[in-house]
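Down below are the structures I want you to see.
One chain, chain A, links the two complexes that follow: it is found with chain B in the first and with chain C in the second.
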Partner chain A sequence: MSKKTVLLLLAPSVLILLGFFVLPLIVVLNNSIMDETGSITFHHYLQYFKDSHYLSITWKSIKISLLATFITLLIGYFIAYFTTRYIKSKKLKRVAYIVIISPLFTSAVVRSFGWMVILGNNGFINNTLLALGIISEPIKLLYTETGIIIGLVYILAPFMILSITTVLENIDSRLEEAASDLGLGPFQTFLKVTLPLTVPGILAGSVMVFSLAISAYVTPAMLSGGKVQLIATVIYEQMMQVFNYQFGSAVAFAVLIFSFLIIGLNHYLLRSDWVEEGRR
Partner chain B sequence: MSVVQSIEENILKETDDKSCIIEFNGVTKKYGQATAVDNISLSIREGEFISLLGPSGCGKTTTLRMIGGFELPSQGSIKIDDKEAGNLPPNHRPVNTVFQNYALFPHLSIYENIAFGLKQKKIPKSQIKSETDEMIEVMGLQQHREKYPRQLSGGQQQRVALARALVNKPRVLLLDEPLGALDLKLRKKMQFELKKLHEQFEITFIYVTHDQEEALIMSDRIAVMNQGRIEQIDTPQQIYSNPNTLFVADFIGETNLIDVDSLQGLNKDILLKEFPQLINSEKKLVIRPEHFKITTKNRVQQNGICLEAKIKNVHFVGSKKLVVLESESQEMVVNISDEEHIGHLSEDVSLSVKKDLVRIL
Partner chain C sequence: MISKVAMWTIGSFLLLFLAFPLLVLINVSFTELNYLSFPGEGFTLKWYQKVFEDASYIDSFLYSFKLSGVATICAILIGIPASYALARNNFKGKGFVMNLISSPLLLPQIFLGLALLQFFYYFTNSPQSFLALVVAHIIITLPYVVRTCVNSFIGISPYIEEAGRDLGAGQWKTFFFVTLPLMKSSIVAATLFSFAVSWINVEVTIFLTSADQMALPVKMFNYVQYSIDPMIAAVSAITIYIAFILILIIDMLVGIENIASK
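Let's turn to the complex of A and B:
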């Protein structure tokens, strides 16, 4: 095939990519560096980075996203390990996968409402704990950072579970047998063989969950009830309520750059020798 | 022949004196309804090179995995070094395994792979390093020390797998078709290297293979397995020249199996005169291809059985010629040396064989 035909065949997808993904970004970028008169300015970025209020919101968002990612990793790894190693029958495994991805079939709004019902002062958790006599008055879960983290963990867990499951399933079971053959107990085998081999899945899942968590709007907005401000809610507020497109765009772009940095870091970590060698 | 036999008897006597390191007693392994290993008893002597040989699905790998501790027997007892080991996990057994596809740790360098087992033991770091380095040298892997398994060729990976197991100084080394993934030339080379390692380390090697030639070349003894049972355990020489069962005769080397009852005509009469016990019998005659002589018609050899046949095809296979003959709808294969002259295609010839080389199974 000549180079010309290749380019011609590639053209439609390149055009779609440019039109639907790159163009909106350019519009946002353009907004963020224009002032009212139409000349270029970095005023909005400076405003964002100099205001301690926004910086503390940013820090809080990062903290919540990191915590959510970490908890998702712990729970997700456990579930992924369980489904790949302990569920033997193929049918049950299929059922388990459907259960894992089923939350993705409904919208985030519905799922967040569910958590509002569970986490509320009169919700399932508080009522159960009260009835058991473990607590004497309801713990405040809804409209707090804890509530947001719980909601994010629930909504993002499937992404983590799926990326770890894929890697776990592809580990040759003979590697674990070899480890035990060489004198390692089950826990040592996990630490020295299974865990290091799942690092690519852990990193991929973590990057996905982190970038989805830091850009999540629906869940934090609903579970915070407006009482906890996060970066995504700030962007929404600036764009849709204050109509300060320039500042909103600047914040959005700052978050985007931050996400790129995280993905770049992941890429760097994944470049460890043995993973690279395996690709050759 | 007699010299070989006496040497063989000496070897047998010698190995009989050695103590037994692994003992199977009525071991059965079932997966659900299917029986993989069916009530086998087997004792393996310390220091011998024994092969478990059989077609795929005969239970040889399952047997090996039960010694390694990766499968637990459904019934029966397995003793390693006189201690009941049937239910011990792999990490508590004095054996190490070389896996079929090597199972090297892809995230560790060659050095770390080989040192893996030693790091588990409570020995000083300097000793780990010196022992690992020594093993790397024995295996000729010096220039690959810091590489990762995927950067090595199949033969090199094979050496790493051997080093990783042998560095732990196991009492028994289990090898699960370790040469299966290599090309013919490398396989031949590794066969001799394995044999050399066996002599060098003076430990028991248990070798699983479906390649009869490999088993014949390397083993002190061969256990031929079929459908979960051991058909025969013996020295390669005995297995080849004195097979106990039809299966062993057919599986080891090339064989002509002649069902006398299904023959008609002159050959049947000749054979039934020589072997009257074959009348209305299920048993078959077993004759190795190299034991036949092809002569022009009617030049009967003395004290031999002489059959009529017609040359159907001649194949040249390097050092020898493989002649396919037809004798009353029975196809027969005969090996002759390259220089030997035989007649033309579809020429009628005589096939003769000494009576004491014919076995009835």
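Let's turn to the complex of A and C:
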């Protein structure tokens, strides 16, 4: 293909991304460091980081996101391991994959709504526990941080599962066979061979889930009924209700830089030796 | 043996956890009760009937359908040529172009939404318009289109195209009559995948949707904040059916495990 043809084929995609993706990001950055008169200021960032109210929201968001990521990792790893190692029949595997992927094809609104029905005071969990006599009063799940974490875990699980599945599928099964031939039990084989080999998938999945969790808006808004404030809800409020674009941009940019730091850390870890060791 | 039974029990339980909220919504959409309680009681189609009689929901369905359709067609039309160029050539800046196209996947969606809102606010007088939404949706679907199509183009041997040219077809003719037909199922899969990504999007859409013309997920989001009833469960159930149909078609065309392990 001639250079001109390549350029011609790429031009529409590249132009639309430069114009409507890169440029808007520059506008946001620009807005976040501008005051009303148009001169440069870090006032909006300081306003955020000096305010104890916003700082406590930030910690809460980080705490919830970390917890959600950790639980997602446990559940996701189990499902990925189960699907790739235990389900032998092709048909069943297909069904499992469809179950794993189908949540990704329905909107976060629908999936969170499902949990509202399950978690509410008259919801499935409370009704079941009440009927069984385990509790005497409904436990508060919906509109609490617990509810948000359950929702986030559910919404983000497919991303974790897919990223670990990809790694698990590509592990040479002879390695695991060799380990058991050399006398390791199944659990030890898993701990000493399989688990270290899947570290790249674990890291990639965790980073993705964490950055999705900390920027998630819909699920926390629905499952907390607006009662729990998180960074993403602050950003949304500033943009859509207070119309303070400068402040909203500054908060958003701070979150963005934070998640890029984590993505960078992940890249660094993935290249470091101890993961290489595992891959060998 | 015990560990195997335990694995299967926990594994099936967790897989059920993934399907559970969707099954709950389908169940309560048929309930005869006037409030949401799972499991629902009896069987009735009245909530579906109510949805179809509500003009505002039909409007939102159609609006979302139009939006996702237009955005997907645009993403396919600009994504396929780009994928072809990326799959068949090595050139300076290829890494940059690949990263640029996939970066909307890395960026938190709420950020993209607020960035486009400000952008359209400064450069046009109506930030919340159909055009703004189409542009936003092209950007979020393009990475999926390009990823699927690049892989598929790489899977087609360049020798087949060479044979086409040797037999006298020009470059363009070869592309349209040899390469594209081989890509048929991947293109359909990419189209459906991209449609689904656009169809379910809330985070970006919510910033760019105007109050008088709401995309379906945004309308549902605004609705459930104030009241939840079996009718909105019926709307949800309809979107779940659509999701299942899309997944089954993609599975038939390219195999769901191919999408899964990428």
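General remarks:
FYI, the second predicted complex is superposed on the first by the 259 of 280 C-alpha atoms of A that agree within 3 Å, B and C clash if a C-alpha of one lies under 4 Å from a C-alpha of the other, contacts with A are read in each partner's own complex, and residues count from 1 in each chain.
Going forward, a contact is a pair of C-beta atoms (placed from the backbone, for glycine too) under 8 Å apart; a residue touches a chain by one contact, two chains touch by 3 or more.
Keep in mind that what you see is a predicted model, and the values were worked out from it rather than measured.
When the shared chain is aligned, chain C comes close enough to touch A:I235, but chain B does not.
When the two complexes are overlaid on their common chain A, residue A:L197 makes contact with chain B while staying clear of chain C. Legend: residue contacts after superposition of the two complexes on their common chain; A:V28 is shown touching chain C, with no touch to chain B.
Of the two partner chains placed by the overlay, only chain B lies in contact with A:A178; chain C stays clear of it.
Touch criterion met: A:F124 reaches chain C, while chain B stays clear of it. With both complexes placed on chain A, chain A has more residues touched by C than by the other of chain B and chain C. In the superposed model, A:Y245 makes contact with chain C only, not with chain B.
With both structures placed on the common chain, the touch criterion links A:Q188 to chain B but leaves chain C unconnected. By the document's definition of touching, of the two partners only chain C reaches A:L9; chain B does not. Common to the chain B and chain C interfaces on chain A is no residue.
Listed in rising order, the residues of chain A touching chain C in the complex are 1, 3, 5-6, 8-10, 12-14, 16-18, 20-25, 27-28, 31, 75, 78-79, 82-83, 86-87, 93-94, 96-111, 113-118, 120, 122-124, 127, 154, 157-158, 162, 165-166, 169, 186, 211-212, 214-218, 221-222, 225-226, 232, 235-236, 239-240, 245, 248-249, 252, 255-256, 259, 263. Residues 68-70, 89-91, 95-97, 99-101, 103-108, 116-117, 120-121, 148, 150-151, 164-165, 168 of chain B are the ones that touch chain A when the two sit in their complex. Of all residues in chain C, those touching chain A in their complex are 3-4, 7-8, 10-11, 14-15, 17-22, 24-25, 28, 35-39, 77-79, 81-82, 84-86, 88-89, 91, 97, 100-101, 103-104, 106-112, 114-119, 121-122, 135-136, 138-139, 142, 146, 171, 196, 199-203, 206-207, 217, 220-221, 224-225, 228, 232-233, 236, 239-240, 243-244, 246-248, 251, 256-257, 259-262.
Across the complex, chain A meets chain B through its residues 172, 174-175, 177-185, 188, 192-193, 196-197, 199, 273-274, 277-278, 280.
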